[in-house]
Structure formats: structure tokens, C-alpha cells
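For reference, the structure I am asking about is given below.
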């Protein structure tokens, strides 16, 4: 199902079957969630607008006038606005990838339905590989790449990002857009460090719990339960980077910038019920929305 | 409110006010939960039976004939049986404290309403101190010690077990009975290691997530949310012990022994709704009920 | 001399000559001891009883009536009883290997004359590989496998267990039955962790010095000298496991269970003189006989 | 000479004589440099403008029209502009100290002639202590505090910031404004972590070498020689923070913002000759000007 | 029994009774050995010659003509020669203490009967404290100091060198002359690092096993058994120093220089039987006699 | 340009082009320095004497009578004497390589113009490989090997010593003669440890800053700037060795032995101006000239 890729970059013995990509019951549960949760409209409805299907949240202020629109247009307008904020988030992420050239290679680790990968290719003109443990997502994203006419350059693979098989020092940049809460960060960053070229860039956008307020709050555990994810404390990101040769150059607390997105989403027809825990966690300070750009040294 | 203690053992500058015991928003939320959740009948109803108020779960098979009792006696009988299983758990914990003499000192770290401390004193005849961050629990437990006529030997203090103020190498034994999921284990075991005498014993009974199945499952996050706790993976207990001079001598997987307790509790009037996540987590293997006895070297 | 094995599992460049298996003077001395110490009757005499030649000690109470038998039958009966206790020990070890299926692979690291490997195959029906640095032992054990008609499934190799050449994540279980005192534990467990599948099981039975009593006692050094071994402190097992992703699930102090074996052996014709240091060390508490079952996470 | 301070916060046995503040020949050379290098006009000339004597560089664009001013006013105008940029830098630093209240305490670690401390007091209204190993600087800064009428609240001490004697968990915030290149970062951040309250904030502005370009460049070593300092690589800041419970919340690469300052300074009468190595290092990418704001967890 | 010392240097709460100096069964066994093994003539006979009682071995070539002396004078001459070689060893150790002034303080950690301490005082004129866990040795050595008329400057204490109670940064130099094989090196060097001034010197003379030959050989275990000691591998010395701020400046392999001492001793009347394992171990390369001089940084 | 070598020892995919040997701007700057700095007479003039071109300094006393020679012969005589001292240094280094046999292999890491490699081959008769990141140096040294008629045994390669491509455990000995100040020591010693056989020897001669005097002094930074090098503190050598299985057996402080070389060189026509910083640094104690011989265990 997945497109084959450059054999000089991908290991020849790399595994492609689901049963070898998934190592634990936990990973199987996560993959199953994303394979079967296809009807959840929040991502699909937004992606239909322009063919960029995101699997992450948005940033920036929304147009408050939307809330006063008449019922027949209000929800469509809110959905378009949410999509705009999500795309703005992806744009900010790509802004931090540094000087990427057409001959470089990028990796979207946890690529979901592929939206950020398509935006990266459109911006830099280089090859982009995405990996996901959801067979459905890989297939869906490859279809999108074909629909955008970039299937030669943007490819999605059914692979585990902890062991994705790309060659040592072969990548100019890697990003994770809200996918790090599913894996151990030390293991992940060791693998990223191996694959990145000297001077390569890693950009992470993530929700993380705030060590300053102590342990995981009730609201954070509610999010963990909802997504079967394992939200990490902020400290763990920096500890795992320090242990793996990834040195921050920019860190931005996006929490104030993402709260409007959640407030608007709570008003929309695509609200899933998880909006309230997110808003509670952000407002009480037990949760951050963070961007980290780091160099591989 | 808390009873004063031997000045040669407790730091003279030790803090007693709630605002200095609690360091983070998380700790304040946990303390508030245990201070205000006084009506939860599961512990109170069971403790009324013999004045041993537990804050932990039980082990061992229950008498299945109870389920067939007539309605008017069934629930009382089930409650008595649950209490018997909880007391059996505390007895097993105390079995692993080793050779404790009347002149020794013990610490019940996270002492709840004090049941295990009273049992320890009854068994070993030595002084026992309990610490809790819940003012209500400390007061309640001290009242129980008075009611048992052992207030001179068994004392409960409003203190944070991460910084409880007992003198270096002053304790023969420490236990935690289902309280480690509220704190960082490396910080906790460093403090325990400091307070234990050479050759002292630490006994831990805890629920822990199972690294073999991978990350925290949905059921485990549900428990985290319910109790505002932070369940640790099994591996973290052994890593934190290895880093702090605590060497296991016995480790027992109590999971099969605790499942009957939860099955029976689910049938009782004191069920709180958290029985189902516990049973799911234990049965799917994502959660263990573990006893670790370790020596301070 | 050693049987070839599945090339997909064993490295194709794996070394087979003694001079490349043995890396240090110490390893050469150990190998020489086991190659030339063939006349020591304690293992041979016992193994002759049923073709299970053990290289480890026993557990469980013995039949004290044996001591009162007439001279002509007493010694044979004691030898049979010692053999029964050794087999009981191997059975206990195998009890902790978890759910092993016929399609799984197991490794007996330091396989001696092969008894435990044959028992494992008989119990689980799966392939078992044993490795030893003694050419004599490997040959002897392969002959036993042939005699039991299982040479296709149970194979012994002249290899160093620190670098045994099995493929990464290829093994369901590994055990060491009193062989860890010849190697560095951090190096050993790193290699075991590499070879075990996710969720694989490692079982260790070993004598270890007791950190609680402090440094190595005179009796423990006497045992070290006798076997040219390097007995480790208990703490080092748990530190090395914590550093290598091996997480205990059961730990049993077998010391009380093994003392009878040594008492009986001291009465037998196969006593070697080392019985007294063992009994002294166990009784004074400077030495433990320990079983650790751990999961690879 | 140094003003006494609150005995409950400063250690009673804290050392005040130069010979106990300075531990090594290196520290003695650094102290001597700052004690005797009093005529260097760059800081004095700028400080005379408004009584804020800085010991750091500036950020932001300068007014390019200044370069075309007639000779008689040009240099004064440039000096005023440089001072404005330095003050802007100190303001940015203070922006990142978070929510500081009048009852809080702050530490200026490596306080130079005291400018940033005075600005912090003016902004937050709280007590500020500064420490320096230069007796001349401490005296000069205390005179400035007196001249500003804030000697009761802003105090400067002859102390080593690696062992400054403030009580554990007594400080709400600490900053270092271009002073970390004189000390070992692991030792420094351990001491900062000890003194900060839980949730306290540390802000660092520093020049650091860029690991991405590899080892220290010739230009960076030229700066090291000029100031007898030891510029650290960027990676070391994050490693030392991760090891000491300091977790970044904002990281800003100020390099583009500081280059104009150096360009303007090179045009001024207060140029010292070190402008060229700075500009070379910044432009070739071997050197960064970095702001890190981190929380103590 | 032990002489009191400067209260500003020794902790006021320092423990003086045997039962608090000795922490483990192992330490009690070692103390008992040195307390009761008073008749062993090898050290006493040699010390009687000039009042310098050593507890270590010697270096340098001996006068081979001694072996041909007539029976009535041969043994006395050999004993005098052995003593000369032991004193030469202590002199070499003192040569590496660096620039010690009369106002400095030195610590002899594991001081035995005190010979090296007396030599150090004679050479440098400064105060010397010795610590030992043998009550007999402390008393004996204090008597020697009195006999030499230096009891005011050279004092011996019944203390554990792992926790000897000297003030932080109070010592100019520390040495261990063949005493490190009784303790954990990481714990020991942490304590030494705490007590040494910045730039202070530590000199270690020790026998160590040679990692190059692998594990402890039979001969090394024989020595361990003889002295109830725990000989460390060479690597552990350097690892423990690196972890505790002790940086080597000179390392000398004294093995060739000490072999003659053992050869001569084997010919003497004071041979104890341990000569053969020493010679075997040195000659086969499994054991080194090493001097390490390191600076406290 | 570089001679091919034994394919069983050198990786078949090893990189030979400059652009893959050099990983960072820093490495490119260093390579450029040594590629273009061909006219610097100090090494060339000395090497012309006997065809041993050194890239390091000398040890030992010089003949002071040279200074009084008439002008026409004085400089030639001084140059010959400097060369004698440099050769003496290389001889001392080779003295510490241990027992090297003709069938062994050696690596000269940072081989410069190849002098030490030629001396090693002459002494031991074995194959020697040298690696350098300077294309000019590799070519020059290969020409020297040809001129000495040993091109079959002594080969120089354009390679990065951090990743030189020699097979695991393939080398009997490695040395660095004043080249470690260009690389990270942890990375370097990890690579050396990988390539050395068990029991192999590493010899390092280096200038290092002295932690005892604190940070890098002005004179040390001056040397760093001159050579674009990054002089390490002494402590870092031992920390990096301890982390990588390299255990010292001899450490010699060569500082007193190298000062005469610098004094003589300052009098010669080949002085480069860096003599003064070296003499200042050595005399003030901020810099050491150190030999470390270590075993790979």
C-alpha cells in the first residue's frame, strides 16, 4: 500500500506489515483508534475545504464577528476559521525549519492525514516523507499527495517513528506536530538524532504538562484518556533533547495563542467534548502549548 | 493540631502549616481532595467495623457464598469481607518489614486515616510516625490513635513525605501503601534513603502501569483522572530504587490476588465507579498490583 | 563441533574458534577450569541418574530419613535426593519464563552440561540454544541432546554470552542459571536486552553477596577463589537491569530453600569442600540465593 | 564595605573577604580585570547619561541618521543611542522574569555596576541583591543605589555567585546578564536551583558559541582572550539546566537584534577593538546572542 | 581514648564510640581483624627498628647479598631491609603530596599504626590527623605520636573514613596507603572531595586488579579472603575520581618496584603465607601496585 | 590520492572526499589552516634534517652552549637541537605503547606530516595507519613514507579521526600527539575504544588547561586563537576515558620537561610568536603538558 522510496535512504530490510510496525498493546490501541476513528468530523470537515487535512490544533485570534452570524452560515464560517488557524499553526512550524533547499529531505514524524507534509513540499520544493502507525492514515495521506500531484515527492509510510528506517544523517529536518505524546521521548530523540544530518533541524509542536504546577492535573489526565495518549511534562522534552544532541535555538510558549482556537471550537458543530479539559488545563496553567526548534549538533 | 514528637528525630525547623507543606498546585489539589472527600463511604464504612481505617485495596479470595445472601444482610457482609481483604493486604505488607524491634522507629509515608500504622504498632510494639498532606486525615488518624490508647507511640503529622523532616538514618523501616502515585519517585526514594538506617527496610505496595504493554492505557488514565494521581510505570520504581541505594529482596505480583477484591467491591453498595477501570486495566495487563521489599544499603 | 543453526538468527560472521570466543586471561582461566575439571563427580554422578546434567545447586527440603539409611545405600540415596533438589530448582526457574510457545526461541546463557535446556524443551516444545565458553561442555551437552533425540531443537554453541551472535529481538526468553558471576552484569544485560523481543522474559538464578552486610565476606571470597568467579553484590543486579530495560516482576529470596541442599551435600560422598563456605555465607547473611524474573521493556 | 542584609536569608557564616570569595587563580584574574579596568569608557560614558551603568551589550535597530550627524554631535548621539540599546536589552530581560511581586526577592548574579538591578527594582518594587567578585564593582553599584535612593532595597555584595550564601528556596527570580561565561554552568545552575523557590524563574542573556558550526572559532577565542572569559557552547546551557531542574519556557535567538549595536559601536569613540571579533563571530554563525527564560521545577 | 581535636575542624556531633563508627557486619569483621591480629609480627617487628610502624608494603630493589648472610644475622638483616623498602614507599607517597606548608592540614585515611603520619609531620611540619576503625590501632598510633613527642600535631581517631567528620574544604592533602580495598570508592572519594580544599591533593597507593586481564583472578580472591578485603579493579579508581572532581596528575605503575619486596619477604621469618598469591598475581599481570596523585578541582 | 588499505580492516564504504570528511565549519577551518599553512618553517626546517617531519613539541634539556655559538652556526644548531627534543618526545610516546608485535596494527590519529608514524614502524616493524583531515598533510606524509621505502606498511589517509572507518577491535594501539584539542574527547575516545582490541593501548600527549587554576587563562585562549584549537581541561581527559573503557596505567606531567624546548625555540629563527603564551601558561600553572597511557578494557 505504501509507496516505495529511495533504497539508498530507507533500509532494505525495513518492515512494512502492521504486525511488525506495532510493538506493544499500547501502540496497537493507538493505531486502532486512528484507523477506526474515521468519522470524527473535526479533521475531515476542515480538510475538505482545501485538501489540507490537519491532525493538530490552531493558533491565533479568530474573527469574533463569526459568532454573530446567522445560524445557516455560522457553523460553516467557524469551520473555515478553525481551519485557517490550524494552517497558521503549520505555517509557524515550517517557519522554524530553517534554510531548507530543494535537494534536502524532510520527515513528518506522525504524519496523520498529511496536511503539514504537503505544505512543507509546497514551501521548500523538497522531498518529504511522512510516517504513521495508522494504515488508514498512510493510505489517506498518499491519496492526498496524488490528488495534489506530488506523489513523487511526498510519500507516506506505515512505519513506527521510533524505528522508521531512514539512513543515518540523511535528513535535513524533522518535525512532530502533536505526536510526541504517544512515545518515549528519549527513544524518539535518539532516533531523530541518528537520522538528522549535522546541523539539521528538529521542530516540535506539542502540548505538555507544566512541571511548575506539579504532577498531571485532572484535566490533563482527561485528555490522556480521551486520546489514549501519554502527555509528557515540559521538563522531559528538554532532558531528552539534552541527552541526544538536540540543542534548542527557539522556544515559544504558544498557550495564549491557542486558547482562542479552543474557545471557537467549543462553539462549533465539530466540538468533540474534549474542548473543556483543554481550556481548563491551559487556563489553570497545568498545560502548555509549546514550540521548540532545535539543532542537531 | 499534630502531636509534637521527639526533637532529636524531627528537625527543629520543621514546617507545620499547610501553606509550607504543599509546594505546588498539584499538591494543593490532592490535599484538597482528601480533605473534602470525607463522605466517600468506602473507607469510612469499612473502618467502622474495627477502628482500622484503611486507604488502600485488598487481596485474597472472598467468600463467594456472600453473593447469595439475602438482601438485608448481603451488603453488610460484603463490606465486612472487603475490610477483611484490606486488612490482609496490610498484614502482607507488614510481613515484609523484616525484623523490627520495639526500640525501632517506623514511618508510614502517606498515612491516610492511619489503619496500617496502628496495625504496625500492634505487631511490633515500636513507635510509628505517619505523615500526610491532608490536615483532615492527620487529625482523624490521631483521633484513632487516641481511641486505641496508643497516642504516645503512634503519631500522625501534617507533612509532605518528600521532605518530612525526620533525622538522617533514624528509621528502621518505611512503607508506602498506595501513595507513591502522587509524587516523583526519584525525589521520594532519595528522601527515604536519607532517613533509613543502613540495612533498613522499605516496603512499597502500589498499582503501576506495565511497561510491557507500552504507554498508559485508557483505563490507567481514567484512574489517574479519578484520583488526580500520576500512576508510574513499573520500570520507574526499580530505576528510582537503583539510583537511591534501595535494593529489592522480594517482589510479588499481587495482580491475581487483588482482582477478587475489585470484583466483590463492584457488587457492593460502596462501589465508587472506579471499579471498572481497575478491573479492565488489571485484566488487559496494562496495570499491576505490586509489592516490593527493598533494603537500604 | 557445534551444530550450525538458523542463519537468519545467528550472525553469519559469528566466531567459532576458542581463541576468538575468549577475550581475556580471566575468561581463558574459567574456560580451562570447566574444560579440564571433568572428573568432579558432583555433577556427573547426579546427571547419570536421568540424563539431566546440571551445573547448579538445589532447593527444597530433603528427606531427613536418608541420613539414617545403612551405609551401602545411604550415599546413592543422598545423591538421588540432591539431584531431585537440583531439578526442582531448574523447574522453579522455568516456571518464571512466562508464556512460552513452541514457535518461540529460548537462550540458556552459560549452559553447562545442558540439563536446564533439555528440561525447557521438554516443557515448552520450542527451540533452545545454549552457549558456553567451555568446548568440553558444549560437546558434552550436544551429545546429551542427541541422546534425548532433540538435537534438531536443542543446540549448544561454543560462544561467549557477552557476544553470542543471536539476532536483535529474536528471543522470547533467556535464563542464566548460576553463571552471571563470571561476567560484567552491565555488559551482559545490554546484550540480553538487545536479543530479547519486546516483552521477552529474563530469569536469573544466582548467588549474590548481600550489600546489607557490607563488602564481600571472607566466606564469599573463598567461593570466588574456588570457582575463579566474581560474585556480584545484590545491588548490582538491579542497577544493571535498570540500565538495560529489564524490569523485575518477581524476586524471590531462595536462601532458606537452598540451605538444606548444602547441608545434605556436606553429608554426601560428592562433597567438594566448598560446602562449608556456602553454609557459612548463607547463615551469616553475607550471601543470598536469589531468583529474579524480569521483563524486557 | 558591602551592605549587610537580612540575616534570615543570607548565611550567617557567609564570607566577605576577597580572599575567601575567590577560589582560583582564574577567579582572581577576572576580579582583578574588573577591579582595575575602571577607565574603560564604554560602560562609564554610557552610564553617565542616566545613572544606569550597564555591563552588557544592546539590542534593536539604531537610528542610522546618527551616522550622518556633524562631528561635534555625532559621537555623543551615538553613545546615547548605544545606551538606549543596552537599556532595551535589560528591559527585554526583565520582561521574562514573570510575575514578580513587591514581597519577592531577586538576585542579579554578576551584577557589574548595577544597572539592571536598579531597573528591576524600579519595575517590580521588590528587594534586589546583586553579587560580584569585583570589590570595585560592588562599591560602585552600592553608591549608585544610594544615589537613586534605594539603598534599603537594592544591595550589592562581594560574593562568588557559585556560592553566594542566600537561603534555599528564598528567591523568586535570578538573572545573569552576560556573566555565565566566567563560571562552570553545572555548578552555577545547581546553586541557582537551590536558591530559587519552586516555580521561580531564571533568565539568562549570554553570548554562546554555536555547536552547529563545531568547536570554538578563532573569533570566539579572541573574545575569550580579551575578557579572560570562557565562552560556553549553546548545548552546555541546556544540558546544565536539564541536570538542575531548570526548564526553558522561552528561548530567543537575539543574534540579528544585537548586530546593529556592534555595528554602531564600531563607529563610536568608545570602541575597544573587540567589535570586530564579535561581528565576525555573529556573522559567520559561530556565536549566538541568546535569551533563555526557565522555570525552577 | 582518642585525643580531642580542633572543634572548628571536626564536627561537634562526631561519633566516637565503636558501635557508631562501624556500620555493617563487614566493617565490624575488618575492625575485629585489625584489633585482634596484634601478634602478626610482620609490621611489629619492622616498626620496632625505628618507631615507624607501617601497614603497607615496600618498593625498590633489595640488597641481594643479604640472602647469603649467616643464619644468625640473616633474618634481622632481611627485616631491616624490608623496613627500609616500606619506608621508601611511604617516602614516595609523600613526594607526591605537593607543596604542603606548616599551616596546612593533612589526613591519613586508614592510618594503621601511624608510621606514614609521623613521616609526613617530620617532613612538612604541619598537623596530621589519622583515622582508623580499629580501636587498637588508634590507641597504638597515638602512643607512638606521644613517644615521638608530636602528640600535639599528630592525632589518631577512631573514625570511619567514609564519614570522618572533618570540615568541608579544610584539608590540604589526603592519602590512603593500601586502605581503599575496604570501602566503596565512589563513597570514599565523594567524602575526600568534600574535605579537600580547592587545589588540594589526594595520593593513593593501592593494589588493584587489572581489568585488562578481565575479572578477579584466583590469586586476587585469595588475597581478598586473607585480609577480608575487596580489591577493586583499576578502572574503578579512575571512574570514582572522575565522578568526584579528583583529577590525576601522576600515575605510576609500581608493580615492578614492589616485586622484590615480596620476594625478599618470602625468604624472611615474618612471611605470612600471603606472599605467594601476591607474587603470582603480580607476575601473571592480574594485579597492579599503583600510585595515583590527583588534584581536587 | 590516499593509498588504499586492507579492505578487511577499513570500511568498504569509507569516505575519501574532503567534503564528507569534514562535518562542520570548524573542521573546515582547521583543515584549511593545515592545508595552506605550508610555509611555516618551524616544522619543515626541522624535518629536513632527517626526514622525520614532526607536528608536535619537544621535551628534555637543551645544550645551553648552543646559545653562545657564533651567529653563522647558532641558528642551524638550535634547529637541530629543537628537532632532537621533538624526536625525544615522540620516542617517549612510543615507549608507552607497550608490547607491540610486527603483526599488530597501529593508528596515528591526527598524523600531521607523519614523523611519529615512521618512527613507530621503525621501532615495531608493524603496519601503521595515519589519519588527518588535511589533504596536504596526507599527501606529504605518504611521500615521506615512500621516500623511506615503507609505503607498503605506513599509510596516511584523508579521514576524520572521529569516524576513521577502521574495523572494531582491529587495532593494537592508537596515539594522539597533540591533536586532541581539535575534537570532542567523549566522541573521540568512544571511537578509539571501538577500534582498539581488548587490552589495546592508547597513548595521548597533549597540552591541557589546569582545572586547579580554574577556567582557561588569557594565555591559553591566546593559543586557542592562534591554532583555531579548543584546549581541554585536564579533567575532561580522565572523564572521557572513564566513560569509554580507557583506564590509565601511566600519567606523566611533562610540563617541566617541555619548558626548555620553548625557551630555546624563542631564541631561534623559527619562532612563530606563540612561544610567549606557551611559556606564560606553563609557568603560571594554567597549562600542562601531559602524557597519558591507558589500556582499553
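Order of writing sets the chain letters: A, B, C, D, E and F. Residues in each chain are counted from 1.
Going forward, contacts are C-beta pairs under 8 Å (C-beta built on N, C-alpha and C of every residue); 3 or more make two chains touch, one makes a residue touch a chain.
Predicted, not measured: the structure shown is a model, and the values here were computed from it.
Asker: Counting one step for each move to a touching chain, how far apart are chain C and chain F?
Answerer: 1
Asker: Centre to centre, using CA atoms, which chain is the farthest one from chain C?
Answerer: Of all chains, D has its centre farthest from that of chain C.
Asker: Specify, for the interface formed by the sequence copies chain A and chain D, whether it is same or different in terms of residue numbers shared by both sides, with half as the dividing line.
Answerer: same
Asker: Distance-wise, how many Å sit between the C-alpha centres of chain D and chain F, to the nearest whole number?
Answerer: 39
Asker: Mind pulling the residue numbers of chain D that touch at least two other chains?
Answerer: Answer for chain D, listing residues that touch two or more other chains: 23-24, 198-199, 212.
Asker: Looking at which chains touch which, would you call it a line, ring, star, complete or other?
Answerer: other
Asker: Got a list of which chains touch which?
Answerer: So the chains that touch one another pair up as A-B, A-C, A-D, A-F, B-C, B-D, B-E, C-E, C-F, D-E, D-F, E-F.
Asker: For the complex, which residues does chain B have touching chain A?
Answerer: So the residues of chain B touching chain A come out as 23-27, 29-30, 182-183, 212-218, 221-222, 224-225, 228-230, 284-286.
Asker: Considering only the defined contacts, which chain F positions touch chain A in the complex?
Answerer: 23-24
Asker: Along chain B, where are the residues that touch chain C in the complex?
Answerer: Within the complex, chain B touches chain C at residues 198-199, 211-213, 233-235, 238-239, 241-243, 245, 247-253, 288, 295, 297.
Asker: Flag every residue of chain A that touches chain F in the complex, lowest number first.
Answerer: Chain A residues touching chain F: 198-199.
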